[in-house]
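The following blocks contain the structures, represented as structure tokens.
Next, two complexes with chain A in common: one pairs it with chain B, the other with chain C.
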Partner chain A sequence: MTFVLRRLVLLVPTALGVTIIAFFMIHLIPGDPARTILGIHATPQKIAILHHQWGLDRPLADQYWLFMDRLLHGNLGQSLYYGTSVGGLITSRLPPTLWLIIYAGVLGVVISIPLAMIAATRKDGIRDHVVRVVPLLGLGMPSFWLALILQTVLAVKYRLFPVTGYGSGILGHLHTMFLPSLTVAIALCPVVIRSLRASMLNVLGADFVTTARAKGIPGHRLFVRHVLRNAVIPAVTVLGINIGFLIGGTVIVEQVFAVPGIGNLMINSIFQRDFPVVQAVALVFGIMVVLVNLLTDMAYAALDPRVRFDR
Partner chain B sequence: MSAVSITPAAGSPESSSQAGAAERAQPRRHRWYRQPALMAGLAIVGLILFLVIAAPIFTSYNPDAQNLNATLQGVSAHHLLGTDQEGRDTWTRLLYGGRTDLRIAFIAVLFPFCLGTILGSLAGYFGGWVDLVIMRLVDIVVAFPFFVLIIALVFVLGPGERSIYVAITLVGWVSYARIVRGEILVAKRQEYVLAAQSGGLSNLRIIGRHLLPNVITQAIIYAMSDIVQDILAIVTLSYLGLGIQPPAPDWGTMISDGQNFLTTHWQLTTIPGVAVVITGLGLSLIGDGLADLLRPGQ
Partner chain C sequence: MINRTALAKTLIAGSALALLAGCGSGPASSNNSSNSSGPVHGGNLIFANPQDAQSFDESTVFDNNSIWILEQITQPLYTVTSDGKGVMPWLATGYTASADKKTYTLSLRPGVKFSDGKPMTSADVKFSLDETRAASAGWGYIDSAIASVDDPSPLTVVIHLKFPWAPLLADLSLFANGIVPNNYGGKTAAQFYQAPIGTGPFKWDYWHKGQAVKLVRNPYYWQKGLPYLNSVTWTDVPSDNTRELQIKGGQAQIDQFPSWATVSSLKATPGVNMDLFNSTETNYLAFNENVKPFQDVHVRRAISLAIDREAIIKAVLFGNGQPANSLFPPQVPYYDPSTPGYQYNLTAARQQMAQSSVPHGFTTTILIPAGNSDYATISTILQAELKPLGIKVNVQTLDPNTANGDFQSEKYDMSLTLWTMDIPDPDELATFGLDPKSGAKSFFTSYDNPTVVKDVHAAEVTTTPAVRQSLYNVVQTDAAQDAFMAFLYYSPYPYVTTSNVHGFFVTPLGNYHMQDVWISK
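Coming up: the complex of A and B.
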């Protein structure tokens, strides 16, 4: 319990910091933010309204107070383009993004575990070298480019999957979101494979594995019952650590596949110069990562009791 | 020389010859040109750098020159990789685009490297509230997904090269700070640092002259994979129209320009993407090779 409490207390300054960064974004805009956002044809009245709305006519501390006051009341501001509340926009766009993140995370693990197993069981063999080098290709691959290629080949040419969208119903989502999720998963795999391989090698060298071997437990059973179970815990952590990477990867992939999620909303709002939406989406992504990190820590503590006593 | 110390008791001719062999083998194994990953990486990156730096030798076209009489051409003796929708030579734009992207990526990696190293060493060396403040800051920046923060920052700063540098610096320093802080925390308890401290050297001198040269290796290894990430960021920003502004050639803009012709002229989008992947592979191999070379035993 104290572990959970300690983590929750640590969460507060980070969450506050995330809001401060999101708040300060407006002051990074060169010149008068309202004038820059609205463009050269904006009337002075419109600019004055925006100044008042964003509190730009007040001191900085007051502005942040206003920002936080609204935020804590669930008010993320008004969209300049859609004219509706940003909170509502984000809530309606959140499910596809969550789908994509979870789907991609699952695919990433499903792809990574067998590859890491192949590499770890034949350390320094040819298979190991192949599994170590091929993911390096994924490390430097622009995900929007991979998305375009997969889309053109598998969706446009062979018509195996829908080209864009979110689908309807669970099966529809699974089918339509396969390519976007695969794209995000491929970007994630190199990191996961490496960490998994390293942790599997660690477990393979542990005394209890030697004991199990000496007892004559067959190879595959040894691997599944003894090695994999102990190597999955670090994999959960690796996934947790890279959750920012995973979430960041969805933004541009949503754009290519026109998945109606918040990443797509963010990019489109950039094209519309809809600053409040961009700011709010960045904030939501930041808070999302902070919360997922907390959940990972807790999952880790639940899986491995030693963590709870660690300072 | 740990290999020597674990050999059986010295004295017998057999064991001394074993020890001698181990001693001779040890340094050879760690020579840089014996690292296949490092060599392959250096070869790839070296070739790419040579091609893009010496671009005018390998092509006689101007990367921005349009020729509306020769649009969307296939591979030919005149146009090695064909032409794009405005009749510009793809091979030429690939070389000059690489020039732009790699130049920006190599410059962009320096700022976060320096900022992160300075803040990380201050946090690690002084500890206390300095450490607390800097590491809280790290936690906050890390909370944002890399691409989300980069895209948002470049959007508010306005598109272009300067904004890319600022955004990458503001987001990228955290990894270096974490790495250098961790290394300094270990190194500052070593005897040579204690000796320097009792010798009355100033803290800045101890950090700069004694600690940093010993801990900077990890940051340099990380910088290799960081350049890959920076290239991806630059290309992604350009794809979105927030990075390098046309008509300047760049791989991201090339991919974005070509995507309307993907079904008919796939090479326009595929080729610049392959260039990014190969560059990334080369740099990752260098990073891996350096890591193996400089951190033996891992």
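Coming up: the complex of A and C.
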């Protein structure tokens, strides 16, 4: 419990660091939201009016202080582009991103475990080589390209899934978000499969497995209860780290599949120089990565009782 | 040993894919090219748009995506004709003008109701025009000739002008002069524009920002029997490829602006129609006259003469455009087809260069926004085409926001830019492009020809069409001969629709009337 609390407290400096980096990085990039919004109708007078309305005519330090002051009061500010509350925007756009990450994680596990089992039980056989090599294509293929192939084949040719969107209702989300989640999962699988396969091979050679076999425990039970449970522990760490990494990578997938998540919001807001939204989304992404790492550690503890964080 | 049954059980998870494919609702119904005997009511149409809407505050929004959606909700007193060159009565039925052309009395169409069922009156019109006029950071300038608006009776509006103003009806046809309820129906402006109310064929349903805007049929619409559709939804799909796949997959019915590279293949794709609507979009190469040697008219002319516009159209638009000869596009009233805009003539270009202050050439930079493949292609062509004149062109690629900012701040040598008309009158473009004292500093070039400026403003206060035509002819000729920008090409608006969509038409100004659109069974 102390460990969890300590990690949660660590969120504060992490979040602070994210706010500083996000705030100053976005202001370092040249560009002006007033010009974007006014487009070709921008004149110095109109730009000045908008700058004053938004407080962009104040010194940068003042703007950061104002941002932090609002943040500490639970207010993420107003979107310059949409003219609405940033908190509301993020609240409405967070569920699709969470769906994408969780769904991709689940698909990654569902795909990786059987394939790793095939590879481990047929070490150095043809199946093993196929399982080790073929998923690497997913790792090497750009996600936008993989997405295009999946859309063309499964959505346009066979019409099994919608080309884009988020869907409505649980079944609608499961159906619509399958292709984007699969795209993310395919990039996730190769590392997990390799890690899981290596762990399984280690465990399969362990003395306790030989003993269990000698005691006549059926193969299926032996594999699920003894081999898989022990082998999955290092793979959980690998999966957690990669999910943390993929949180940033979902922005591309969200764009291609028009998933209305915060990654999509981030990209649009960067182009529009919508400073408050970029800062807030960066903060949310930072917190999500820390939380995923925390959950990974907790899952590790749950799977392996020998691990005691409190010590 | 590990038995195969165990593995088989584990692998059953893989069959979930097949189950998932059956989950949820399937894609929208497939394209159906069957012809119907006439328009039918019903159906929900989905647009795949490259961008989300930005705002629905008609007095301040400049974003076309927002404007074209908003026009289905609110309507102005006059609207643009389908050829984009005139106006026709819309919420007004007609007008009379005083002898001095400073007072216009407009009759309002009886029986018009807002989508909440309340009747539209002159008080609503007065309020709407006054609100737009007051928008200092918005479209207020378009109504700057209006001194005041009166509402003497429920169906009569009187507009008093500061001076005679020829573009008045064109200005009134602008979406920003759309009619909204008096005092925003008791709300603040901010509250009202969260779900605006108007007299248009559709009314507000929802806007999920960054996802979709949905409008539904207005039961009180003043044109009986219209609209045909139950609803229209504009979805935000930034990727060109994804929009195309949505159309092919039947998930959307209209793709706004497919990439030019796909136009010919889409024309040959069964189940879809690839339409190229006449537009007022004109692309230019701007010269910054604050930077040497672009003050030199011979340099500007030489560059204009060295550009092979047909080659650019072939490379960028895949042949779907025409070379520009004037600042004005052909779909604008008073466009002069005989305007002597410079066309490709390398010999003449060399002669102009020889007369210039830099006869042996110079090094310069062209500013383009990152991610714009059309402009990248044009820049490459320009590099090659200006080389024979001894002009070395470096391409400066900046992110779109920064490039736009630098262009408008005149921090560039040469830059590519474009224009589309907002009103069916050339005044807006002429002032924006040719008057250095306008906010846009002659299209951000600092071009200053006092004779041109005088003629531009004379055409504003002259209400006789023949006189305006002769003034604009001179303006177009002078601007072309000064080569303050190289007029590159006119391009159409590309739209893809599924073949069961009928009645969709885009005016040269980019507006469309969704009231006329229907979906065949």
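Observations, loosely collected:
The definition used in the following text is that the second predicted complex is superposed on the first by the 251 of 311 C-alpha atoms of A that agree within 3 Å, B and C clash if a C-alpha of one lies under 4 Å from a C-alpha of the other, contacts with A are read in each partner's own complex, and residues count from 1 in each chain.
Quick note on the criterion: a contact is a pair of C-beta atoms (placed from the backbone, for glycine too) under 8 Å apart; a residue touches a chain by one contact, two chains touch by 3 or more.
Here the structure is a predicted model, which is why all the values come from computation and not from measurement.
Touch criterion met: A:Val224 reaches chain C, while chain B stays clear of it.
Of the two partner chains placed by superposition, only chain C is touched by A:Met117; chain B is not. In the superposition on chain A, contact of A:Arg93 is made with chain C only, not with chain B.
Shared-chain residue A:Val18: touches chain B; no touch with chain C. By the touch criterion stated above, A:Thr152 is placed in contact with chain B and with chain C alike.
After overlaying the two complexes on the shared chain, residue contacts for A:Cys189 are found with neither chain B nor chain C. The wider contact with chain A, measured as residues touched, comes from C rather than the other of chain B and chain C.
When both complexes are overlaid on chain A, the residue A:Thr176 reaches chain C alone and has no touch with chain B.
When both complexes are overlaid on chain A, the residue A:Ile29 reaches chain B and chain C alike.
The contact surfaces that chain B and chain C form on chain A in the two complexes overlap at residues 29-30, 148, 152, 156, 255, 267, 271. Across the complex, chain C meets chain A through its residues 1-3, 5-7, 9-11, 13-14, 16-17, 20-21, 23-27, 30, 52, 54-55, 62-63, 136-137, 190, 208-211, 235-239, 241-242, 245-246, 248-251, 398-402, 404-406, 408, 417, 419, 432, 439-440. On the chain B side of its complex with chain A, the touching residues are 37, 136-137, 139-149, 151-153, 155-158, 225, 228, 231-232, 235-236, 239-242, 252, 255, 259, 262-263, 266, 269-270, 273, 276-281, 283-285, 288.
Those residues of chain A lying in contact with chain B across their complex are 13-14, 17-18, 20-21, 25-26, 28-30, 133, 136-137, 139-146, 148-149, 152, 156-157, 244-245, 247-249, 251-252, 255, 263, 266-267, 270-271, 275, 278-279, 281-282, 285-287, 289-290, 293. Interface residues of chain A facing chain C in the complex, by the touch rule stated above, are 29-32, 35-46, 49-50, 81-84, 89, 92-93, 110-111, 113-114, 117-118, 121, 148, 151-152, 154-156, 159-167, 169, 171-176, 178, 218-220, 222-224, 255-258, 260, 264-265, 267-268, 271-273.
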